[in-house]
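Look for chain A in each of the two complexes below; its partner is chain B in the first and chain C in the second.
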Partner chain A sequence: MQPERLYETWADRKEAAQSYLEAVNWPNGQTEAWKFTSLSHLSDVVLNPPKRSASLARDARLDGEVLNFTAGLAPDLAAASLPKCIIATDISADKAICHKAFALLPDNHHLTALSASRQTAAVKIEVAGPAKINTPLILQFTDGKTDEAAHPFVFIDIADGAHLHLAELHEGASSLSQPLIFVRLGQGATLDHIKLQDESDHTTHLGLTLFRLAGQANVNSFSVSKGSQITRMETHCFFAAPDAQAAMSAVYLGCDSQHHDITTVVSHEYANCSSRQLIRGVLDDKARGVFQGRVRVAPDAQKTDGQQMSRALLLSRDAEADAKPELEIFADDVVCSHGATVGELDETLLFYLKSRGIDEAEARTMLIDAFLVDTLEEISYQPFADFLRGQVSGWTARKTGVE
Partner chain B sequence: MVATVETIEAVEQATGAYKYGFVTDIETEKAPRGLSEDVIRFISAKKLEPEWMLDWRLKAYRYWLKMTPPDWAKLNVPPIDYDDIYYYAAPKSAEAPKSLDEVDPELLRTYEKLGIPLNEQKMLAGVAVDAVFDSVSVATTFREELAKAGVIFCPISEAIREYPDLVRKYMGSVVPVSDNYFSALNSAVFTDGSFVYIPDGVRCPMELSTYFRINEKNTGQFERTLIIAEDSSYVSYLEGCTAPQRDENQLHAAVVELVAQADAEIKYSTVQNWYPGDETGKGGIYNFVTKRGACRGDRSKISWTQVETGSAITWKYPSCVLKGKDSVGEFYSVAVTNGAQQADTGTKMIHLGEGSRSTIISKGISAGRSNNTYRGLVEMNKAAENSRNFTQCDSLLVGDTCGAHTVPYMVSRNPSAKIEHEATTSRISEDQLFYCLQRGLDEEEAVSLIVNGFCKEVMKELPMEFAVEAQKLIGISLEGSVG
Partner chain C sequence: MSLLEIKNLHARINDTDILHGIDLTIGRGEVHAIMGPNGSGKSTLSYVLSGRDGYEVTGGDILLDGKSVLEMEADERGRAGMFLAFQYPVELPGVGGMAFLRAAVNARLREAGKDEVDQLEFVKMVRAEAKGLGIKDDMLKRPVNVGFSGGEKKRYEILQMALLKPSLAILDETDSGLDVDALKIVSEGVNLLRSAERGMLVITHYQRLLNHIVPDQVHILAGGRIVKSGDKTLALEVEENGYAGLGDAA
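And now, the complex of A and B:
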């Protein structure tokens, strides 16, 4: 995850990113990291920079301060009423900050290269400590047109001991939506994070969220992917000091001919850190779900605890679930495990429920909910948990016809 | 025959071979260095092959030219100069040692530890054996017994001449010529290997082993094996040997194809202990093997068992294509890496048939500064109704300078199919070691004991002939990894 090359300036980085993209073009099954998700269809899509337009008003479903990135463009920061300890700055003109932030991101990576070369917005958000902020910060990504590509970049810097509730809501309509969110947590800082991907059905969503944790920092992150046509949702976690913890769970809900790819990379670089991931997927119709999870344990990262479990549920004969959990271990005193299962709804459970007088559709809803619910319990901040539970249950109910 | 001479002349002209000391004599033992269509014609001619075989080789070569070496494995492979390799060289008999006194004492010490009888030691060390141990006559006895049962067991070059219909029908049907870079290379230049054919309803009367095959010596770096088990037949095939094997050919790219028809069972066991190179891995063998079995018939079964302790770099994924209804695929593997060895090995289970089942048990042990990766694919296709897979991958780290990696791939296209995967990574605990030490075992014996316990599930799958030696081998492979 460490950069392989040092770039003097942002211009150098941008140029390197552009030549990288030209060399690899859109990755397809030939590239190991994109084995299950091909982006070759993007060669035929018109991808213009977004134009500013009036944002459509959205219902407030989640309490908090909203920053709305319309069509991937920066929000009007002057108009935002953020709490005193949160300072948001537009850094699209100040490339030195972008440059510094990108130096901490993986190099030779398709999504960071895309962001470096085609950024449509760049915002830095500083969270001062140690006062606890109760209002969640909501990054909302909306609108966009079928010939537009959105590449917003948000760099969030959480000071030592500070705390933030952060929600990413991706509900745009651009052809390509490629948000890059980089969160750096200081010593002992904590973050409650959720991410909802519910973009329009013609969108290709290539989201990348990265966490970089200092000592004793703690991240609790949960992602739900249910919208768009083709989704690649990457979450990276980089332990840059000992004694930090991260929980990064995800749920994907696929129907029609959707493609959901959940990819996670956890890099244990220092001792005594723990990571925990629960992944659940439900796939109906001709949907395809992919989970790729890499856990790397560096030679010095002794006493690492890395847990990963992925399960997929196939509701239809034409659905497909692929998984590639990966352990890369260079230290000997570690506890690491991964597990993966794929299957259908248990007929005996279904029979049991039906024998108690519950009709088929309702029984199926109950079983699918039960399959997903233990992951949702991972969310520690209750309003976030309630919000995502509503999203997940709504999907299940629609799927099984039980409103 | 005329065609053969013509071909050799063509090669000679094309390569200007005289300049480089290439002899035109039909008895010549070496093809010129490097790879070209003419070298392939030369190999084919040397083997007295029919036209169709040559065409097949040339087709493979043309594919190979367009391919690139795979780079997805967690391996650091130094660039290989394919034009600096001799693709055909007959064994050099003159250099064989005359007695065990001339053999490297280090090698003999290992034989002793493995408990290999003296006569076999001589044979393994390449001592001219005729006087002491007539392997040819032993092999002939075996052949007679096999012929009585109707089993064909011969070098593949002989099979190409004697049983062309069988070879044409099956060769390349499991591993297509264009399957991957190394299989294409092998298809173009393979020099020898085994051919086994078990007719309908025959249970092969003995375990077949490369060890007893005539012409086994120096089958070379590009070995090709084809095993066909007809309906309701059974065969167990042993490949390799526990004794350390040195070879001047650094690149080994073998292809093994198995075909199991209805109710047939093939059990294929490998013990691989090629030279791993020196401390830095220099001079060690690159073992890039393509092994695949097709369970074509209903209720057919293919079982791979491997104990991999040698080679500087191993790239090997013995696979099963489970096409038959209720067919069964099994993969049991122990891979030990020490020093600077690198191994990226595992399996592929492709479920096509209804009710097919597969089991994968993989035990990886890394020590020294080595890297050991399990990479395995389980694919459930549309028609694989009610199919099952169970995978268990355990890694054991000995020391804190090595790496153990697990990369399973799971593809499920059928909701009634079940895939289960478990992986653990652990190390030899201080408690276990302490317990053994206080019972009077020394550290190396203790590690050997613990590691053998760790891979017991796989070792019990090995045929008797291998089991005891393989256990000792694992201990020996880990020598110098502790203390």
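And now, the complex of A and C:
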């Protein structure tokens, strides 16, 4: 690993990011972190900054306060009716805050460099504690055009003991959608988080969500990737103090020639933290799924509990799934496990259901739903669970034709 | 018209011919037993009848209520009134037991042009049937067959049969893996389902099941053919003398 560079100002950082991007250009299979997901096609795509257009109405599928990032641009924060303990500020002009936030993010990383260099919005959201907020905060990313690139940055700071329900809904139509969401949790803070990627079929989605946890903080995160053409959904979890917990599971659903890459990076830096990841993918047609899961356990991170399991279900002979678990364990008193499987629908199970008079489509739906059900049970906040379950079963029903 | 007519049935799996011309007729209200040594084609016959993929009929016909089922998928045969109790019922993790039973019952109701069954009413219906088979509520709440003992799995098969009310029930080695007590419970369950409207084909290796489920006719299957038929005393004969020699009778 290269030593972290210190930048004096945001301008320094931005310049360094730009030269990094110029040197690397778009990564392809040559770069280890992008071994399975090449971005070389983006060289041929026109990527202009977005232009403002009318924003969509509030999302009624999920109850909550919506901040709509139209085409990757910042919402009108003055018009937002947020609860008192949530304060949202446009920090696009206040680079000192961006600078401080980015100092906590990984360097020499393509997505943080992209964001530093090309931000189209920068918003800071402060969540005060210890009041419990029941209304979820919904970050919705919509619209965008085929010649536009959206690079919104959202920095969420959850105070000690505070709690937030946060939903990221990525449903835009830009050529490139590159949202970067950084959530810093204070001492004992808790977060229920979901992320839905359902972008248009010409979009390349490169979403990065990062959690940084203080002591006793707790994150329950769940991602679903089902839209866009090429997706890299990356989630980082950095334990910056002992006794914190994170569950960050994901489901990807691929069809046609879609590419879904779920990449996670978990850094156990302190003792007595636990991370848990269940990843499930269902792939049809010529779709490809990738799971890369890196878990680092630092020498001092004793009593770490790190669990990771990925399973892919292929519905077609032309579909493909790759898994690359990477465990870097430097402590000796830890419990860490990982596993990866790829399989097809079991013909015997299908026959059992059909022999009971259940038709092929319904039988397949039952088996696909069964494959995903225990993963979806990881979601602790019920309205989020219901919402994503609906997204997943809608996809399955369309896929098998029972709808 | 007979319930089931198997006419000169030939079938193969993976290019290996297994059934070499089976003729068998089962009338409504009749229970027929098929006995045979390992590898005689018993399980193949049950899969061919119920339409499992990979089992290719190369000659002959299978008529259910006078209608050929050869072009029908397994699920269509199920809705047409066929039921296969599996020798090894499969576990379906993630598939809720009640949802599964209801999907099966509703599929049949839809086929008959009837309304689907109300959820509460269905739960009552299942509980009533389950009680007689010694199936506890806890078992009904679990995913299909997951964590069930061998005996519980077989009882669950009979529960499905009771709910689906098939016109033809095929019981594939229902006695395998059962101890004496479990065998008794399962057999009692099956006997309760004997009716003038229903035919049964009981496939077994051993005679002991037929002490509990007493057949009207017994057929000996060997080398993919029925080599001998008779009444229930034929089963006792096999018990006494084994299958040796019966294959040569063909």
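Brief remarks follow.
Definition applied: the second predicted complex is superposed on the first by the 396 of 403 C-alpha atoms of A that agree within 3 Å, B and C clash if a C-alpha of one lies under 4 Å from a C-alpha of the other, contacts with A are read in each partner's own complex, and residues count from 1 in each chain.
In the analysis below, contacts are C-beta pairs under 8 Å (C-beta built on N, C-alpha and C of every residue); 3 or more make two chains touch, one makes a residue touch a chain.
Predicted model, so just to flag it, every value in this text is computed and none were measured.
Look at A:Arg317: by the touch rule set out above, it reaches chain B but stays clear of chain C. When both complexes are overlaid on chain A, the residue A:Gly357 reaches chain C alone and has no touch with chain B. By the touch criterion defined above, A:Val45 lies against neither chain B nor chain C after alignment on the C-alpha atoms of chain A. Once the two complexes are laid over each other on the shared chain, residue contacts for A:Ala397 go to neither chain B nor chain C.
Of the two partners, chain B and chain C, it is B that touches more residues of chain A.
Legend: residue contacts after superposition of the two complexes on their common chain; A:Leu367 is shown touching chain C, with no touch to chain B.
In the overlay built on the shared chain, the residue A:Gly339 is in contact with chain B alone; chain C does not reach it. Look at A:Pro299: by the touch rule set out above, it reaches chain B but stays clear of chain C. Contact with neither chain B nor chain C is seen for A:Ala385 once the two complexes are overlaid on the shared chain. Overlap of the chain B and chain C interfaces on chain A: none, as no residue is touched by both.
The residues of chain A lying in touch with chain B in their complex are 32, 35, 299, 302, 312, 314-317, 319-344. Across the complex, chain A is touched by residues 72, 74, 380, 382, 395, 397-425, 427 of chain B.
Per the touch definition, chain A reaches chain C in the complex via residues 346-349, 351-360, 362-363, 366-367, 369-374. For chain C in complex with chain A, the touching residues are 50-54, 73-75, 77-79, 82-84, 86, 89-90, 92-95, 99-100, 103-104, 107-108, 111, 143, 160, 164.
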